[in-house]
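First subunit A sits with subunit B, and in the next complex the same chain sits with subunit C.
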Partner chain A sequence: MLSVARTGVASVKNSVRSVSALATRDVLVKGPHAEVSELKNGLRVSTENNGRPTTTVGVWIETGSRYENESNNGVSRLLEHMVHKGTGKRSEAQLESELSSIGAKLVSETSRDHTAIFVQSASQDLDSAAIEGEKKHLLSALEEAEEDHMGVVMDNLHAAAFQGTSLARSPLGNTNGIKSLDASTLKQWQADHYRPVRMIFSAVGGVEHGKLTQLAEKYFGDLSNSYPGQIPHSDGVRFTGSEFRFRNDNVPHMYGAIAVEGVGHGHHDALALRVASQFVGQWDVTHGSSYNAPSKLVQQVSHGYNLHAFQNFSLNYKDTGLFGVQFICKGDSLDDATSIARWLQHEWKHLSSAVDEEEVNRSKNALRTQLYQALETNTQKAAFNAKELLHTGGVRSLVDIEDSLEKLDKTAVREAVSRHVYDRDIAASGVGRTEAWPNYANLRYGMSWWKL
Partner chain B sequence: MASLVRSGSTASKMICGSNQQLPSNIGSTLATAKAVDVSSTPTTPYAMQKAVTVPARQNSLFTNNIAVKGVNVTSRRLAHTDVTFPDFSKYRRESTLDTSKHARDTEDERRALPVAVYYGVGGMMSLWAGKEVIQTMVAYKAMAADQRALASIEINMSDIPEGQTKTFEWRGKPVFVKHRTKAEIAREKAVNVADLRHPQHDNERVQKDEWSVVIGVCTHLGCVPIANSGDFGGYYCPCHGSHYDGSGRIRKGPAPLNLHVPAYAFKDSSIVIGSN
Partner chain C sequence: MLSRLSVRAQSSAAAAAPNTLASAFDLRSSRLTSGLSVSSVDLNQPIAHLAIAFRAGSRHQSATEAGFAHRLRNALGGDSRRAKGLTMLWQAGAIGANVHATADRENIILSMSFPRSQASLGASLLSELAQPSLEAWELEDSLDTIKSDVAHLSTYERVSQLLHEAAFRNGPLGQSPLCGPHNTGSVNYRKLQDYAASRLVASECAVVGVNVDHGELQSFFAERAFIQENKNRKEQASSSYHGHGESRREGCSTGVAVAVAGEGPSLGGDAKRLAAGAVAATIAQKVLSSSSVFYQPYSDSGLLGFYVESVADGTTAAKIKDSINKFKTLETSVDESAVQGAKAATKVAILTKADKGAELASSLASSVLSPSRDLHSPSDVAALVDSLSVNDVKEVARLAGARLSLGALGSIRHVPYLDEC
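So, the complex of A and B:
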């Protein structure tokens, strides 16, 4: 009787789910699609007209700390910040007032493998007083970044996992690097990197593709593709199983991250790994659920081990990535820390060999929510389109993504996790009270069901 | 005795210790000298430590028994991006020296040894374990040791004089070996096969006319017949009175079949029972 009732519920749930999946797809099909065209000089223009009253226009440039070296670490960020300082045609104040008069904002960011400047293109003339001011700003930002312990954990994780390669370098820059930068370095950098083939002009909002292409032709058409300096080269993708602990007992908790080598943005396992990452899930002490959580990991680790929070991540760069979990715990017991890591690894191993359709569906739905929510604003969508174009050479529509997500089954997830996570080397990074950090060999041992 | 000197964003605390009361002017001299030393804002922890340790080297200028040690307690922290991750290239396998190669591409090579050990030793161990299992199973299912030892027995023909029958044990059963006389042979050959309950000619039951070998288990209910007795010059089963002739054929009584003839062969001067 009980089992009959249960089957009944399950089938109702299934039908509800497939109905909602259909609805997602229907909505996406009706949604706007990105149009892509290429200017004569190689600059690619992507627009997506969603008919909204606001528009984000931006330039995404394939530059960032991956292309820096020890002595100029921070240059891409400094250059990005300089954009706010005005151009030869407009002073900083003029730029700000002109933008605000039309209600626009200038936003920019730099990561390991790209720089994005929304609304306004980069300046050509750099004023050295402004550079000095901005350098001070970057140095104090660097100092502030020390208080963002999780940020430090992630930077250290990159430093260890990608040691010896340029991916190890933080976009924040290092003190000496920032201090040594000057106008000529910046100019050189700009000349090397801000080249049409490395640039995507992406717009989302109430824009016509033709009109924007004309504008791009007008403002970027004169950029040449010749390289007077050197063609930027990102040095290396090598992942190394390693550990980086920064013990500081004045920090009240243990902050940590454990990760394996992930995949690049366009890799065929990228989506499966994101589903797997969703399966691991996230939790912090403010969540109402513990024993009753849908995630088995949360049920296990949310109590008894003094864990404060954990969060999955699956980072995709152009050609490699990191797949793992970051966590914060009390850090006063080796047993607790080890147990947390063990449960996490148990979930990874479960994913590689025994995850079932039900669990995969739950994770897929969680990913849908996260994915589509994160692409709701024009800026987010413009960034997504640009990143797609930079990394894969094309823009997948959300329908394409929904289709491949729909096709993804437990076998695909198991295979992806077996390939990239099961029994793979790990990189670990700990900051704060790391005296009780689990032993590396022990952690590595936990990556497979049994190990020689 | 401690003085705190600040310079820029760097603060250094200098602790001076001595085993005797310091003249008051020495303390101030140290502090003054210190303030000059660190004004150039050392940037590495080593330089900071060095800066505050300078007065200790000038020790002898002041007095012989003063120990001065600068302790760098700077409040300026290095940014985490200023920490250089050590270069482990020296310890790397050659295959992982190329940073443009993905780790997974060199993995097979790096794991060759553990994999070889795993499949080599593991394979050997599982082969051995498999052998153990099969051997145990076969030994368990096979004949008992005493029977296996008697799987075939050799009987010396000269032990049995003509006209005699001897009983041997073979595979837990009695075997009658009869050395027949000429008269007995003639008698058995002459029996009319059509009259027999289980019609078999003597030729079918013997290899050499002088020797008849049969299993001594009555085909009625399994008693052991008595050799050289009964009405037909062969065997007699006392249980229910079955009479067998000199060829081991049933002639009278309740038994339905002739006595079984085991596989046997002649070898030189002996009969091997249990082999063809």
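So, the complex of A and C:
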């Protein structure tokens, strides 16, 4: 550090460059890579052997709320939960005891465009008493989810931004939808969706590809690809500039999100937008840095506007996405809320036309830390590999990602933000004390007007 | 600078052949002449994690130094004697680093994650950030953060503090790791500087690097880092578990939160007992499925217990009573099959947790500073868990159930007294 303080940044950069010979990229080149093969019935098997003593094995299925309609909204999640109730070959108790004897846990989740079930395969037989029980569970989970204000903000944001399309629906389902579900709907859903071409069998840990392929052949090899029902399809995508406010003054703060339409998972601007998102950054009141933070936005908004937290996001679905910021503020002043939005939009406009090479490099490093750190565990990497396969048809190695990240420069970031953010329509969503929510038209002007 | 929207944590795994990690997990450790210990492991991952830990947590505060550990933690990131805090934070930002400071009852830990190419700059920033100058104006700047930390305390943290007061009374472990609500104002900076001068020193310090070169890290801290040497070492006061104590605070909510615990194994004791504690906790979680079980070993004592938060109504008292009785008789649930299952689950939990480099670095740093100074790799710990007998676990469960302590917050009229259970 002494050398840093005395001789300035230049010498540090040189010394860093000299060590980088054995650095980040080399590790990625040497690191374990995913092997992918396909069974006869179209099921794809992806494994990555990192020699660790633990392994995550799971199935990722292309299903989820974007394939549902108003009357069966919630069916993907209900079916996913039914997996825990045992299968045709094993009862719930058997399943639990067999898994716990090897220390394993069955985990599952459903989002808008996929369901993931780890460790054990999907169920074949469905018992209607168990379905009723699980429906009650989901309805109470739905009530609990309303207490997660930021979760509601993001659900409402989707409902507004993608209104009239299937992406608007929440994976949590809706009360009427869940109540009307029965065993035959579930079975139909399973028959339509849990098909080998829509499934990825993904494993990361101390596993051999050959052994996993044999297992996949044994347990999934008999699934057929014929469709007695209909091939599931999701409607097209349409982004609508709009606003969704849910005012509830009993909530102590204003929770909100503002976003433009982002890009799909495989889009060539996806990485540039994630870099841009990192530039916006995140902050909350418990952070040690405010005036002195290494981000212009944090310096501006952390004081004086009663802001409690903000966080960037850049979500990618298969064919579209959302790029924006979520925030929590006190919600007692229209001026405060408007100023926070202004500063945020100022950063976006800066990104579209004036961001410089140094700023881009900082954001690229921040993205490296976030991206690679989020792939350290077996489960995270297995999910990454599976979603890559589902969305793009192949698994990009981290070296490829590192190389495309390395190539990104200020021009790429400026162009991506100009294309997707500057002067684009916005979707806004507010929950809680939204009386002080900024005027929509004003916000929309702020996407291009510098003097606002 | 802290990343919060990480991928949702999920644990699931199947046990594979043991010892495959042993070769990959090459844990190295060296002690410098200054007393500072440097340990590292290279898992060949792209992100490097560094942690520097000092035995400076709240248990080391004297009666007149309440809240100093919290203030010290929040002052990290300010100026040091040699460099400006602003410059250091911007340099940390330039290499994409997440900087995180935590303070618990034992240690203050400053940790950093960044792309491994930047290791040399990262190490120098970390060592310098960990030696704050604590000038009066620096402390002034962090006053707001102290207040908001206290305001944002979770119910669990508040109840946990009540439990510690009941369990350890006026002993060092009874002190809160954070400032109390009455105690968030300004502080005499000279006293805080004295505290830092006696605690943020080489002999009380451990550095751990994950995914860095051991030789480079060691030579940096041996030759170029400025960690103060110790001048007047204070002996650490010991804290013993009392039990049969209760600390209850009426709150305005309609719910109630209760933490109940008994004496658990300590970090200074036998490593086998420490592992047995983890297995006992796994069994307790299965028995008490509606509460969350916690296991917190300290250097000379420990807690093993459960926490439950619920709406207060007519049935609450009976439910809590039932849980307390189940926990008292935990020993009877410890049999061959329960231990087998719990051992497997504990091993997977230990090994899965070690996959997260940032957590690994902090937890290794804490174990270097524990009295036994044993540094176990996660696979060693897993092997230790494997070697446990039913009696080892039974003994820990018996001790935990023998003398309980209780902390409660909220509608405490719904919480039975321990001697009524």
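By definition in this document, the second predicted complex is superposed on the first by the 429 of 452 C-alpha atoms of A that agree within 3 Å, B and C clash if a C-alpha of one lies under 4 Å from a C-alpha of the other, contacts with A are read in each partner's own complex, and residues count from 1 in each chain.
Keep in mind that, in the parts below, a residue touches a chain if its C-beta (ideal position, glycine included) is under 8 Å from a C-beta of that chain, and two chains touch if they have at least 3 such contacts.
Just so it is clear, the model here is predicted, and its values are computed rather than measured.
Annotation: superposed three-chain arrangement on subunit A; subunit B versus subunit C shows no clash, the two fitting side by side.
Once the two structures are overlaid on chain A, subunit A sits at the apex of an angle of 120° toward subunit B and subunit C, using CA centres and rounding to a multiple of 10.
Applying the stated contact rule after C-alpha superposition, one finds that A:368 touches subunit C and leaves subunit B untouched. In the superposition on chain A, contact of A:175 is made with subunit B only, not with subunit C.
Contacts of A:270 after superposition: neither subunit B nor subunit C is touched.
In the superposition on chain A, A:398 contacts subunit C only, with no contact to subunit B. By the document's definition of touching, neither partner reaches A:75: not subunit B, not subunit C.
Taking subunit B and subunit C in turn and counting the residues of subunit A each one touches, the greater count comes from C. Here's the short version: in the overlay, subunit B gets within 16 Å of subunit C at its closest Cα pair. In the superposition on chain A, the residues of subunit A contacted by subunit B and by subunit C do not overlap at all. Contact residues on subunit C toward subunit A in their complex (touch as defined above): 1-8, 10-21, 24, 44-47, 74, 76-77, 80, 82-83, 85-98, 101, 113-121, 124-125, 127-128, 141-142, 144-145, 148-149, 152, 211, 213, 216, 224-226, 340-341, 343-349, 351-352, 355-358, 379, 382.
By the touch criterion stated above, subunit B contacts subunit A in their complex at residues 43, 77-85, 87-89, 96, 98-104, 114, 117-118, 122.
Only residues 70, 73, 142-143, 145-146, 152, 155-156, 159-160, 163-165, 168-170, 172-176, 235-241, 244, 246, 261, 320, 424-425, 452 of subunit A touch subunit B when the two sit together in their complex. Across the interface of their complex, subunit C is touched by residues 1-5, 9, 12, 15-16, 19-20, 22-25, 27-28, 30-31, 51-58, 97, 100-107, 109, 118-119, 205-207, 282, 284-295, 311, 313, 358, 361-362, 364-370, 372-374, 376-380, 383, 398, 402 of subunit A.
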